[in-house]
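Structure incoming, see below.
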Amino acid sequence: MSDAIDVLSAEADDHFHDECGVFGIFGRQDAAAIVTLGLHALQHRGQEAAGIVSFDETQFHVERHVGLIGDTFTKQSVIERLKGTRAIGHTRYATTGGAGLRNVQPFFAELADGGLAIAHNGNITNAMTVQRRLQKDGAIFSSTSDTETILHLVATSKERDVNSRFIEAVRQLEGAFSLVALTSKKLIGCRDPLGIRPLVLGDLDGAWILASETCALDIIGARFVRDLKPGEMVIVTSKGIESVFPFEPQKSRFCVFEYVYFARPDSSVEGRNVYDVRKRIGEELARENPVDADIVVPVPDSGTPAAIGFAQAAALPFELGIIRNHYVGRTFIQPTDSIRHMGVKLKHNANRRMLEGKRVVLVDDSIVRGTTSQKIVQMVREAGAREVHMRIASPPTRASCFYGVDTPETAKLLASRMSIEEMADFIRVDSLGFLSLDGLYRAVGENGRDADSPQFCDACFSTQYPTQLTDHEGVADNVRTLSLLAAGGQ
Amino acid sequence: MSDAIDVLSAEADDHFHDECGVFGIFGRQDAAAIVTLGLHALQHRGQEAAGIVSFDETQFHVERHVGLIGDTFTKQSVIERLKGTRAIGHTRYATTGGAGLRNVQPFFAELADGGLAIAHNGNITNAMTVQRRLQKDGAIFSSTSDTETILHLVATSKERDVNSRFIEAVRQLEGAFSLVALTSKKLIGCRDPLGIRPLVLGDLDGAWILASETCALDIIGARFVRDLKPGEMVIVTSKGIESVFPFEPQKSRFCVFEYVYFARPDSSVEGRNVYDVRKRIGEELARENPVDADIVVPVPDSGTPAAIGFAQAAALPFELGIIRNHYVGRTFIQPTDSIRHMGVKLKHNANRRMLEGKRVVLVDDSIVRGTTSQKIVQMVREAGAREVHMRIASPPTRASCFYGVDTPETAKLLASRMSIEEMADFIRVDSLGFLSLDGLYRAVGENGRDADSPQFCDACFSTQYPTQLTDHEGVADNVRTLSLLAAGGQ
Amino acid sequence: MSDAIDVLSAEADDHFHDECGVFGIFGRQDAAAIVTLGLHALQHRGQEAAGIVSFDETQFHVERHVGLIGDTFTKQSVIERLKGTRAIGHTRYATTGGAGLRNVQPFFAELADGGLAIAHNGNITNAMTVQRRLQKDGAIFSSTSDTETILHLVATSKERDVNSRFIEAVRQLEGAFSLVALTSKKLIGCRDPLGIRPLVLGDLDGAWILASETCALDIIGARFVRDLKPGEMVIVTSKGIESVFPFEPQKSRFCVFEYVYFARPDSSVEGRNVYDVRKRIGEELARENPVDADIVVPVPDSGTPAAIGFAQAAALPFELGIIRNHYVGRTFIQPTDSIRHMGVKLKHNANRRMLEGKRVVLVDDSIVRGTTSQKIVQMVREAGAREVHMRIASPPTRASCFYGVDTPETAKLLASRMSIEEMADFIRVDSLGFLSLDGLYRAVGENGRDADSPQFCDACFSTQYPTQLTDHEGVADNVRTLSLLAAGGQ
Amino acid sequence: MSDAIDVLSAEADDHFHDECGVFGIFGRQDAAAIVTLGLHALQHRGQEAAGIVSFDETQFHVERHVGLIGDTFTKQSVIERLKGTRAIGHTRYATTGGAGLRNVQPFFAELADGGLAIAHNGNITNAMTVQRRLQKDGAIFSSTSDTETILHLVATSKERDVNSRFIEAVRQLEGAFSLVALTSKKLIGCRDPLGIRPLVLGDLDGAWILASETCALDIIGARFVRDLKPGEMVIVTSKGIESVFPFEPQKSRFCVFEYVYFARPDSSVEGRNVYDVRKRIGEELARENPVDADIVVPVPDSGTPAAIGFAQAAALPFELGIIRNHYVGRTFIQPTDSIRHMGVKLKHNANRRMLEGKRVVLVDDSIVRGTTSQKIVQMVREAGAREVHMRIASPPTRASCFYGVDTPETAKLLASRMSIEEMADFIRVDSLGFLSLDGLYRAVGENGRDADSPQFCDACFSTQYPTQLTDHEGVADNVRTLSLLAAGGQ
């Protein structure tokens, strides 16, 4: 890794990234193979590593591997080791960089009354604060993951039964969490009280399934039952499914960026089809930011649905003016200076014949640092476009996310330090238009944003965070100076 | 590999596949890094393995690796070993299955007057016949590749200089070949007299480049100079470039399937932009096979340009009704029976919200065995489509290719044993329409097919092969019973 | 591993095995490289895996690898990651089989007041009992190693400073332990009150060293200072070295088997040179069990020093009548039945020319299951020996060890179920003689064994264990049914 | 490899090394498993890489791997791929450095009339000259091995049957060769007319075996039949064994250094037991170079048999004053300067207690560069030896070997540029004695060396080479400037 440039770095993949997908199934032969398929469908939520824990009525089995599901979990031997009819799995995006397999979920612990495995999508905003408290009482942490904090809270709970211990644990958490957990008797799913991250319930011929998105149900032909409700905890046992609500009821604040970029277009989350929302985003965008042009060109693949919607609303031809090379991995060769200056087009190439002499509307989902937009615009211009009008299928992203999304610090977000005009200059377009926050809410099906009580978490656009950020706010006091910098061979 | 099903097999990826891409550069610092980038752009022409040979004024250096360019040639150490300002490279599709690195090109031999490396796109249709003759004279072959036969022909030539020996060698070849070769003094490019496979000439700040397609020039910002002519051989030395024509002149017969599927949409080959041709194919298809429908949906990604063309010509909305999972690798888990019956959707998922209740035009590039079409149609129907009309962006494929393309035997091609009506029944569509051969020629810019002297090689559609098939015809006599079945650890 | 027979298994390597070697250094450039060399010298104490933790004034660094030191820790990159002037290391013998890197030491934990790493040679005989107590209070264990129990005891201690917490922890331990530990300020060494396992103190140009044996000092040219005393704890800081005695004083009970087999012949432990002791064992053996014979032949390599002593005392020629193949790894091919019956001689071969027609005294260090002795005797007979007299350089091994040695259960020890005559019959020798327990004590320099208060731990011979065996005795109650059976990819 | 010092380099392992061992079997189930065992017994003749070719009545199967037999050929899958009842194998020592698997034997070629595999111990002294001639006729070489030259000679022979073609080929060879070859019908063994390298014939329940040494028969319990005669070629078919003599009869010149160092002590080669010869060498050495001393200490392991002989002849105690660490691999850590100055003792450690105050006779097998001797003497002195007398179990090595042995160039041999007195000064001993050439011949059982017609090849001592050295003598003309420097990933 170290002798290659990271094409997903600022320069090359200029997006927010969801950090995780989770999947669980209870009561079905080949449970681990089904989890593997489910995680494969959730691969877009995390490509760095994955793990599966299964239980075979006697023992738990764990496999954790760095790499894509299709490369690491497809060996017959791996699947065969994951015996049993119950399993949970997790796929994750690289976050803080390379602590290796120790941070790969699910996390498993041998508690006094049996094993417990937890997989988590989201981010606990008071995890360090809680961890510090637990360490003072002698707890030993083997990872830097907030998920391990949840395990310790269950382990140290004085409640009698697992349900109560689990509830006592999650009540101490702040932030965003969609959890799946496995004990020797139960599959548990739980969403935070605001329901920031998605979690859906499915059914495969009588076996209950929990998954981050519906596309993970589709791949195996499972039936979508419903979204878990914000603050809901479901407990699946061999006797059936039970639902409890351990938290104070609160108004839902689902992450609106799931619709903009994170979720797969063929998924439905919180009752809405993602492709459909994205097309309507494109339509709203065309209405709010019309432009006199010849063709509409998406920045593939994430800009494509909005570009289709834009083209239909604007009655302009939709054309593949940029071709994406899907073989690009995470890294590529370390460039020498002479190669660096060549402006290598690893991931996108302009389709000159389509662009030459045209007035082009370029549609992308968002602008983060702006460096990729800059390069793409330059490439489109060099291919002969007469005018380049950039239309962005979301409002300007002004603030970091603390809810399980990999974002640059606020200061590195282009929109946090430039006006729209300055941004247009920076990426060198003839015009630049963003979707308004109200337009985004309309595309999702609302009449607009309720400013007093927003219907979604839109903190990255509005800077209004729906929860406390205990670790972040108490940072001077709480910052965890980890003694262990680097661990190799493990 | 053996403990997983091959998702590119009949069931899962029902396409013809080009077997190779080639790239060469002469006279440029970081030659091997540039070849790596060029091969990355040509990755769609072969994903199995790749090799690069460089020359540093004193020595040749060779690297061959199984896997994607971006995974195997991007380590700093690999590139650093490939010293020099001249290099050629090759990327290949798996053909006969697993003879390992021995069959990975470029091939290199130490001849009496110095080293010679050759990389080859195409297929020599008399290679076994020639090999048998050479073996009788004591030649030892270290691979089963037809490219090694070319090396031996150069090695045993009694001509004095390399140019003459190379010419004597290629004159003995039948079939399709676009070659790049490297000696201690020269970079050589050569196309067969019919020009069946593509080969383009480019220029990077004064360094000459040979590549299979223009997209390999674009990635490094090189200038497209021209296509090599059929039967042309170019010799690049430090003094410049020279062009000779070693063969009897013949009328060009470029492979028309390069436009249908093989080449990248952003490439231009033989003077035509591929995306543009594909869109015009879609337009011709709409004209020849109109249908009353609600939406046009591509089978992604190969059907997308034709679907855009179809939708524009038919004035129907273009919609992403099927979503492709780009994380699918070559193989996936070995299914148990219970999983096999689930009809797992590894690669494509229907976007139910777009399809429900609609009359759908499905556009795909070709039908090979028909099994994938069958599954996709079923998936689209299960997602609620009211009618499914399949439109195919090429004529029925009736015959195997012997010119460097991986095709099933003729008997396994659906169109070789069924009428269009029978095929429509087999894949269970409401209607099925193929592009006519004349329509295909029109889309490429001709007035139609010249039946007496076709302008392209269209043998897979017309069954008219433009060259002798010596090995194939003399198969009873010539078949090479290889003694060496399997070689491990090498 | 699973598709090969284990040549170190009962059939093939019929020995007790020490489970660990430890090494630490404080205050020296290239600390990790020096630990690597020290562990290499201690490789005979554990070949399965090794780990090193270093501290660079700011951060701890950890590397753990399965395999020989010389294969895994010799890459420049590994050593370079282990920055700092203080480091401890550990090499281990496979014990319970394959829990992977999770059980490889040193163990590291982030405690409330900083990092702590511990490496351990020995075995805590009440570890499970303590672990069960800690789990009831919510502690989460990430391994099955007794060393992690020590970490948890330090973590949960309510004492203020690390020294006091460490002392509180080790006072709760029963069994054998020679520990080295590293904090951000200190290198700590500690031996159990009986001093069962060795631990020596050395000095390299002013840098303090702790090591299991003196051969680990020799390899780097360090000066031997002294053995740590039983029950002694030394604390090295940048200000110097300090010694404390946290336990009730007890009479030393050093493991006498270290002299028989475990320690390297060139080491000195507890004041005695091992080779010298082994030669004197051979002399005692010759005196106690004289025999009329032609040559003395060692079972190489462990029987060699005693055979030299025996030959000198008996005035018989010492000859290499058996040759050992040092290339044997841990495993070899899975034999088919036809090969199994061939009686393959992977490790030892008879030197026919030396043995033919001779009356042979075979000298070996011990008999465990007896199966190897049986095979060797048969091989020597087949090579033409006229008589075979086996002489064993230790008393009969009658009982399992619970102090960090890999031994079969008592019932599988040949001497636990047979008289010496029966054993002689079983291994088919003309005569069989063991060293007496008193003879062994004399060879070590005592006048004999003090039956009321033995000077050494000789439980494997005498069945008299010097400590409580809490876990073992309370086994019905305490047995730890681990939920986690298998973990892959980690 | 490049980031570690090579402990087998001049500094660390100062020996000549035999380059190869060969083994073949015809007509026995599990043939490849038996070859694996045979090669394991021959591992001392080459540790770098190994290969096996089997034939299963239909197909040949090849496996070649870098590393020890016990690490690479012991996987069930490897053995299972090597189907058939006939197989040959080869183990090799690294020679010219890292051309990878291409140079690993056996070599296999598909000839016009079927497959042929050859494994070779020795060195063809006119290989480059022949290769150059073959290349002029168009032959393509895929390796730099002289064995491939033999294959090409068989391939280009115009004789009708394999026997005649093989004979025509070997008649063109100069130098030392003990070959085993496998065709679809035959197992062939052949020794050069001088019989420089060993080759023995064995029998395993009716299956014929060819092997470099008898220890490879012993490991599987095969019966030793006889040594092949110099210039003999045996052909094994399903009908039995046949012997022919294709060369002009010449007087045998077996390599005397096989007795000094190469062969395993338990082997018998050319009718003599190696351990026995080495002991008699020690006795001769004691007679020729007596010394007043206290103990005789071998430099382990190669000096051990001679030291035993010396001690018995001199009536001095034989003691293990130096202990060898058998875990040392080929390489170890890249030392920093500070570590380099520590004089790390990776491989040998002095046993201080045995050496202190003693007058020591150190016995080693040979002196090559002298650097290792220097270090060992220094180590023995630092351990307290009062006097160090070095006795070498062979004459001074004055000349390079061209017959398949890895030797430094003549100029780097200490004895080629120093008198014995100078050498004694250089390695800092109190006295230094070599065995005389006549003494060596006496130890082997001759009355002395026949100066007019020596009974052995002793060129490394006498500088009298028994064959022409065509390549070496014509070096200015013939030197083979290989174009291919380096090949990776293959």
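For this structure, a couple of remarks:
Each chain gets a letter, A, B, C and D, in the order it is written, and its residues are counted from 1.
We adopt the following convention: a contact is a pair of C-beta atoms (placed from the backbone, for glycine too) under 8 Å apart; a residue touches a chain by one contact, two chains touch by 3 or more.
What you see is a predicted model; the values in this text were computed from it and never measured.
Shared contact partners of chain B and chain D are absent; no chain touches both. Farthest from chain B, judged by the mean position of CA atoms in each chain, is C. Taking each chain's centre as the average of its CA atoms, chain C and chain D sit 36 Å apart. With each centre defined as the average position of its C-alpha atoms, the distance from chain A to chain D rounds to 61 Å. Among all residues of chain A, none touch two or more other chains. If each chain is drawn as a node and touching chains are joined, the picture is one closed loop, every chain linked to exactly two others. Annotation, chain-chain contacts: A-B, A-C, B-D, C-D (touch as defined at the top). For chain D in complex with chain C, the residues that touch the partner chain are 3-4, 29-30, 33-34, 36-37, 40-41, 43-44, 47, 68-71, 73-77, 79, 215, 218-221, 264-266, 268, 273, 275-276, 301, 304-305, 308, 312, 317-320, 323, 325-329, 331-336, 338-339, 342-346, 349-354. Residue ranges of chain A in contact with chain C, taken from their complex: 58-65, 72, 78, 81, 101, 104, 108-112, 114-115, 132, 135-142, 151-152, 155-157, 184, 482-490.
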